[in-house]
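Heads up, the next two complexes both have subunit A, just with different partners, subunit B and then subunit C.
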Partner chain A sequence: MPDTVKLEVFRYRPEGEGEPLYETFEVPYRDEWMVLDALNQIKDHQDGTLSYRWACRMGVCGSCGMTVNGEPVLTCATYLEPFLPGPIRVEPLHGFPVIRDLVGDLEDFVGKLQRVKPWIIREEERSPSEGEYLQTPEEMDAYKRYSMCINCMLCYAACPIYELEPGFIGPAAIALAQRYNLDSRDEGARERHEVLAEHEGVWSCTFVGECSIVCPKDVDPAGAIQRYKVDATLDFFRSLVTPGRSP
Partner chain B sequence: METVHHDVLVIGGGGAGLRAAIAVAEADPRLTVGVASKVYPMRSHTVSAEGGAAAVIRPDDSLDEHAYDTISGGDWLCDQDAVEVFVQEAPEEMLRLEHWGCPWGRNPDGRIATRPFGGMKLERTWYAADKTGFHLLHTLYQTSLRFPSISFHDEWFVVDLLVDKGRCHGAVAIELASGKIVALIARSVVLCTGGGGRIYPFTTNANIKTGDGMAFAYRAGVPLKDMEFIQYHPTGLPFTGILITEATRGEGGWLVNKDGYRYLQDYDLGTPEPKPVKRSMELGPRDRLSQAFVGEEEKGRTVTTQWGEVVHLDIRHLGEKLIDERLPFVRELCRKYQKIDPVRELIPVRPVVHYMMGGVHTDIDGATPVAGLFAAGEVACVSINGANRLGSNSLTELLVFGARAGRRAVREAGDAPDRPPDAALTQALDMERQIHGNLLRPAEKGERVATIREEMQTSLEAHAGIYREEEGLTTARDKLQELRDRMAGVTLDDTSLTFNTELLHYLEVRNLLDVAEAVVHSALNREESRGSHQRRDFPERNDDRFLAHSLVRRSVEGEPEVELLPVTITRWEPAERVYGK
Partner chain C sequence: MRRARDPFFWGLFSAGGMLTALLLPALFLVAAITAPMGWFGMTGYEEWVALASHPVTRGGLLVVAFLAFFHAAHRFRYTLYDGLQLYHLDALISIVTYGVAAALTVLAAALLILVV
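Then we have the complex of A and B:
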């Protein structure tokens, strides 16, 4: 094993130097180190100006997504080892405006998340004193997978549609809409339909499937989108044969 | 200077902060709520909680049993009136989360399922597999998006509170993306910034757990309570410090030493049985289990690895099916971060700093001695956790007391003046000058902030760990003073206004040093051993002198002063803590 490894890190600061560039750093190599550990070594011991996000370093907070040798990954869960002998190229997630260095602008996602109404909608809300809404383990299985999304944005970075059509609601937000649509406690599918069925909703997706490949939590947003398209289509035909029911 | 006004300002967007914000929105939708968080709310450390949240729901359980387990688990340092409120409101809060969509584990009939946890006499821990904190946080965040009165200042770092004549009027924050400094003015302010586990080098805590709110309060003259009580979780992965949930033991996992021996039987924690027995052996409380590890280490019965001494957590006998169903995250973490599969291999573990029982001194509504300032969650000390928190009480705590603090903040918002006094705005301008004028001005190269942080962490680990004594604590106290002095010579490489994380780290280390000072001074003052605070030089619990909370505050001269406040006892007289019987 080598003693050190080189990282080529994307640098951009809007003030001052202007143009983005790649800067090479040499860090100690350790078998147990992730890409994030190498970035922290640079930040703490070589160059305090390097900017990036991280928090839990256990793959659940979703902060540290970056592009490593071309692939969107969580850097806290990506070992240096498979990239030896290097150099390893570290860039921000593709598809987002860069604020600085490895930090992308996520405001677009937050707005889209809110638009799909990711909360339980019911005609009648029961008070907690009336006890839990019953839900069998099988009913939970219907939506559980889609509830595992950590909002890490790797799926947006991988999605070729989002890159071309920034209005696209996108994989994670649609998966989260489906997480609620498929929850037996929820009655809000119709309200979410307006957003999901519009042009920039599910129909933008051409089922490339990259989102599900890069998802670190096995959420399968591509599956969620496909399933919604089928449901929406069936709903449309049902509306033709059932008077008084609108899609 | 730009100012932004809210009726209620919540600082921190984790579980407690979001619950408080929703409580305000529900209590009075006309009040505007601002949530200022240094990370996007779903990144907050609540997300990392694994095992579950406790609340009485089974017909064979009772509120008194939950209260007793909590009080004895806390070595009789909990305020019993607070515990009574806590256990009573817990089930309703947990059901409310269920109504908001939290995917709690279910029995086949569709009702809430529970699992056993350390120090609890019955199965009363609700769980969402072993990602309970993740589901709880995302449920709260997504639900909070429903309320038009709640607005978010994501990635705004609060620098300090604005306090004048015993009333809090808001806070000063940096918008990270632009470097802009803004005065956030509010009628009520709720601190929900979590703990400060990052005063130690080896911790389950995220990088962001830098005790910010504790330091704000301390600098504003609010006492910090019971700061010497630091919880070491007995089962962290070596090197990374990643938590392996207590639910592994609740489901039946064993702790074994290098001889494959279930060593907890030698530490007055009961006798080994093949199946888990509540309040016994592996289901003893965290403080006692972490102390037992040190005992094994001293007897030379731990396993030596490249990451130091470990013992083994064995869950192989639970079988792949149960592990995948109840403990999928444990398997994922072990595979990814330790390169082992716990279905077939032993998990190496060692105690790791996990939680601060102490925090900002509040009453049972989250109110602090400063008018208009409230606190809830790990940042606060109500106190329900006493000298040792029981696993699965903290998630419930942030719901119960987040909601209470939010409602109290609403009730008191009317008492605030319509515009803040000039003195508060002057403080804000001073802070802006200090940051833009001093810290971000190019300077001769001095020390790196990371050096200060590393030396602080090393000192705390060495002298304020599982076992303490006067000599070491004095060394740590002096070291902290030296580091505070050296902070003046720290310079930043980064003078940019755009997303300046080095400036953020500098301000965080300043907070960590304040928190560490409070911990060490409180630990020095408590000349007894209780719960997680074990003094080699005072090995016994001493109820005559110390059945009392430590309150540490900074005097006008800037020196920490510790005083004692008697514990509130309602129905449970102090007794010996008994496990395994």
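Then we have the complex of A and C:
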């Protein structure tokens, strides 16, 4: 095993040289180190100006997503070892405007997430005194997979359609819409339909499937989207044979 | 209008993909292997014509052809639209691809009615 490994890190300092460039850092190599540990070594010991997001270092917060040797990954869950002997190229997630170094602008995603109303919508709220909304294990299984999303946006970085059609509402937002649509306590499917049934909702997706491949939480956004397409199509053809019913 | 167009064409695409994936291998197996080899007793040309002329067979073949053509058209439309990034030509591409699928469906119907 080598003593050190080189990282080629994407740098963008709008107030400095203005143009993006790659800066090479040599960091100590440790078998148990993740890419994030190497970035922290750079930040702590070599260049304190290097900017990137991270928080939990255990694959839960979803903030350390970056492009490592061309693949969108959580850097806290990606060992250095498979990339030996290096150099390892670290870039921001593709498809997002870069604010600085490895930090992307998340405004677009956050706006889309809010549009699909990812919370439980009730026509009439029950008061707490009436007790909990009960749910069977089977009812929970219907949406549980989609609830594992940590908003890390690796699926957006992997999606070729999101890069080509920036209006596309995107994999995670649709998977989270389905997380609530399929929840037995929720009554908001019709409201979300307004957003999902647009061309820039589910129909922009051509089922490339990369989103489900890169998802670190096995959420399967591609599956969620195809499932919604089937439901929306059946609704549409049903509305043709039963006039008066809105699709 | 656009809201109706997407599920309509995706429905044809989806149904066509499933039906052709299920039926075409079986049709090839029967028409290209088992029948010419004389297995299962179906050997003569007349027997085949009788089977193909049955209204149910004709209707079934027309449905398979219709959905397969629209499946191919939809796939080709998106190959041009996303693959070659011809976004500004989407209307033209849609008319040509679905138009060709419609024309081929009419041709298939004509062949099934007139020839078989």
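We adopt the following convention: the second predicted complex is superposed on the first by the 246 of 247 C-alpha atoms of A that agree within 3 Å, B and C clash if a C-alpha of one lies under 4 Å from a C-alpha of the other, contacts with A are read in each partner's own complex, and residues count from 1 in each chain.
As a convention for this text, a contact is a pair of C-beta atoms (placed from the backbone, for glycine too) under 8 Å apart; a residue touches a chain by one contact, two chains touch by 3 or more.
Fair warning: this is a prediction, and the values are worked out from it, not measured in the lab.
Contacts of A:Ile161 after superposition: subunit C is touched, whereas subunit B is not reached. Using the contact criterion defined above for the overlaid structures, shared-chain residue A:Val230 touches subunit C, although it does not reach subunit B. When the shared chain is aligned, subunit B comes close enough to touch A:Ala55, but subunit C does not. Contacts of A:Leu21 after superposition: neither subunit B nor subunit C is touched. On subunit A, the surface touched by subunit B in one complex and the surface touched by subunit C in the other have no residue in common.
Of all residues in subunit A, only 160-161, 164, 197-199, 203, 206, 229-230, 232-233, 235-237, 247 touch subunit C in the complex they form.
Remark: subunit C residues 2-4, 6-8, 10-11, 14, 78, 82, 85 touch subunit A in the complex.
Note for the complex: subunit A touches subunit B at residues 13-16, 32, 43-45, 47-49, 51-63, 77, 99-101, 103, 105-106, 110, 113-114, 117-120, 125-126, 128-129, 131-137, 139-140, 143-144, 147-151, 176, 180, 183, 185-186. Interface residues of subunit B facing subunit A in the complex, by the touch rule stated above, are 39-40, 42-45, 47-48, 91-93, 95-96, 98-101, 103-104, 106, 108-112, 131, 134-135, 138, 142-143, 145-146, 152, 154, 177, 206-208, 239-240, 242-243, 329, 332-333, 336-337, 448-450, 454, 492-494, 496-502, 505.
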